[in-house]
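Both complexes below contain subunit A, partnered by subunit B and then by subunit C.
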Partner chain A sequence: MTTIDNGVNVQALLDAREVLAGAPEAAQFTWKATSKWTNGVHSQTTIQNFFGLGEERSHKAVAVFDADHPEVFAAPDNGITPIEYLLVGLAGCLTAGVASVAQNRGIQLRSVESTVEGNHDIRGILGADSDVRNGFNDIKVTFQIDADASRQEIEALVAQSQKRSAVFDALTNPTEVSVEVV
Partner chain B sequence: MLERGEVGNSWRRERWDSLRLLTPNWQSRLPGLPYEGSDPDGYMTAAEVGELIARFAAGAPVRTGTAVTSLRRSEDAYELTTGQGELRARTVVIATGACNAPVVPSLASALPAKVRQLTAFAYRNPAQLPDGGVLVVGASATGVQLAAELYESGRPVVLAVGEHVRLPRTYRGRDVLWWMDASGVWDQRYDELDDLPRARRLPSPQLVGTSERTTLDLNALTTRGIELVGRWAAIRDSRALFSGGLRNVCSLADLKMERLLDTFDEWAETSDTAPERFAPTELPRPPRLEIDLRNGEIRSILWATGYRPDYSWLDLPVVDKKGHLRHGGGVVVDSPGLYALCLPVLRRRKSTFIHGIEDDARDVVDHLSAYLAGEARAPGYALARE
Partner chain C sequence: MTTIDNGVNVQALLDAREVLAGAPEAAQFTWKATSKWTNGVHSQTTIQNFFGLGEERSHKAVAVFDADHPEVFAAPDNGITPIEYLLVGLAGCLTAGVASVAQNRGIQLRSVESTVEGNHDIRGILGADSDVRNGFNDIKVTFQIDADASRQEIEALVAQSQKRSAVFDALTNPTEVSVEVV
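Showing the complex of A and B:
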């Protein structure tokens, strides 16, 4: 049995899977963010706390994210656009999945790089054409992976990563989003 | 043996008219009843399967027209209430199978009333549906077969595709199910599989039994003119919303098929025929993500979204929260003397195929005989290998 190490504690995940299969309440997580408008289309979103395994928890450090728009949108570009954060999420989720699946399957990774491109017709959000949707028309992800594995095995890693990806699901399937004012 | 209807009831009453087995005739054998007809590579109709089972059952102690409405335990025996009276038994084998009722997603209840809905369970032939477009939901064997049949009837067809199992009908000149049998894949035991729950949930492979031995995968459907969309994820304002992950489920199925063909090639080592590989699944560019169900494009929906067992008559705590029987290789958990047969990968990958029942039945009966003879077995005893 090869002892490869991609740095993923797969055993912990497999143990968690077994325990949580019988304890659905413990498996309920709530990820949270708080946000404040700065000026114009610039806002700051802070993430530190989340709820999971029955308790409020927090990350080791506070994370602060600026969102703004670039100059072509007549804005000062104090941060990436909100929609670009989705590309961050997708890349992070799929990459983590590739590493985890590779660990589980005994495949040693040497490098994993990806490019994510979200094609977007901005007439939608500008209200210039009601037949154009607000979100992406489509997203294309390209992976370059160097690993001790055949091409077929590498393709299978990437396919399995999508199958179990939170962000992939959030983007490809409908999600209820409700917004209220208090 | 208790049978609520007639021998081979499901084959005679609960299958669509044009149904044929996925397994070739030479493979559809029962103990003492090998295929002796003139078309070994053909595929039996549902009626012919009913007749085969009736021939096999000749002389067996079957009580037909006897539905079990309750099975419970009292002291050291099982008590059954049937339409023909009460029975007691020391051992019971549940052989009702896993396909007693159709599974329909909950979003069905949100559909506009003017769109006709039918399950594969109730489907018999295209005449039951109105003219016009059909949305077939599910890309299992049933889904692809009914999509093709409805398209042939002159209706536009859209097929919603989630995870599925792709296979060629023939491989290197032989039926693909010959390979499954000969290479030993079908004999893989339940306790040797990496992910047994997943293996038990697999949809039936995309095959059809025709004399031309045509492959009926998604590419074949696209060539005929059927439109593919992703898994039906939700309905909003009478719009059906389909997953944007269609490319991935097709890649998963293509890769899985390739791995299986690799297994066949490795087993075959050398031969006079060359390995074959098949084109990746092609998709519309781009696939549609939604269909407005009010605009008349879709006049009916055919649910090919699977089946579930019905254990409503089973008054014992042996069914899990997902409605499945808790068993270890056919020995029901925590209920001595209670067994099951005819469930997916009960003991082997071939468990739910006609020829596959024999080995499972012999194993279960061995355990049952030992139980009746009073030999102690630990709870959850895994049946010994030969």
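Showing the complex of A and C:
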């Protein structure tokens, strides 16, 4: 019998599920970003610390991300646009889910690739038409997966990944965002 | 009279608003990400090309982003978590908006800093409690702004930035996301 290994420690996740089901306060995480304006519409955002399992924690490395607008918006393109970061998050989350579910179901993955496309009518953010929303009109994700599984099993992996995806939920359902100035 | 310069070419944006109000097809952008699974829940997502103003375009540089889970999730922490990318996008979008609106209103900015915190009950993604959503419970953004303006004017900048923010809309309102396997 071949050992299935997608590199996901599923047992740890199953153990965490069991422990946290009885300890809801430990399951409360706070993810945190700090951002500084540079110039124009360019900013740098840093991710390092977060709170979870009852205490302050840190990623192994500090990560800094540039956001800017492209030259077609008369900006210097010192980084990707803010809205593109949502596509990065969505791709990463669904891919992580596919790997985790595959591991749990004993399916060996060989490759997982995806393309995420967000359609965006920029008349909204420009204020050119108040009937046009500011965000994406819609998003389309396309997966290409090579695995020791049937087409049906692969489609089921992707479906289960969506069902448990933090980012898929955050984009398809509303979240309350409060903004204050101190 | 002092010249206000936040580095934003507001005139180009006002011109674009006028042109695109009469050319809705040119205003249709498609932002695009391509992603590859690496191992475990680690993936790498690349942003380079997008479509807008009627043709395929590219950012000046190719940008690659690692997403992974932290060690507390029994993963090697080779990058920030997918959901943290949403906070990066939100910080970048609201900050760009503050700079643009300030330029348009003749307000000189000296510094703009923000903290974005996303509260997340991870019992949802773990499947420990089906009443808990997968995404953020809520997000809180806090701005610290130093500018040649009154407190009231600064609060109005932030309010107008939210009103025109692509990412604020994408997080506070639902977007249709379709996922397919090819």
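Assume the second predicted complex is superposed on the first by the 180 of 182 C-alpha atoms of A that agree within 3 Å, B and C clash if a C-alpha of one lies under 4 Å from a C-alpha of the other, contacts with A are read in each partner's own complex, and residues count from 1 in each chain.
Basically, a contact is a pair of C-beta atoms (placed from the backbone, for glycine too) under 8 Å apart; a residue touches a chain by one contact, two chains touch by 3 or more.
These numbers come from a predicted model, not from an experiment.
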Specify the partner with more touching residues on subunit A, choosing between subunit B and subunit C. C
Does subunit B (first) or subunit C (second) touch A:162, or do both, or does neither? both
Contacts for A:59 in the overlay, against subunit B (first) and subunit C (second): which applies, first, second, both or neither? second
Please indicate which partner A:171 is in contact with in the superposed arrangement: first for subunit B, second for subunit C, both, or neither. both
Touch check for A:131: first (subunit B), second (subunit C), both, or neither? neither
Touched partner set for A:91, first subunit B, second subunit C, both or neither: second
Once chain A of both complexes is superposed, is A:152 in touch with subunit B (first), subunit C (second), both, or neither? first
Overlap of subunit C and subunit B interfaces on subunit A (superposed complexes): 137-138, 155, 162, 168-169, 171-174
Residue set of subunit A touching subunit B in the complex reads 137-138, 152, 155-156, 159-160, 162-163, 168-169, 171-174
In the complex, the residues of subunit B that touch subunit A are 230, 233-234, 236, 241, 243-245, 248, 251-252, 255, 258-259, 286
Along subunit C, where are the residues that touch subunit A in the complex? 6-9, 12-13, 16-18, 20-21, 24, 27-37, 39-43, 45, 47, 50, 52-53, 57, 59-61, 63, 65, 67-75, 77, 79-96, 98-100, 109, 111-129, 132-145, 151, 154-155, 158, 162, 164-182
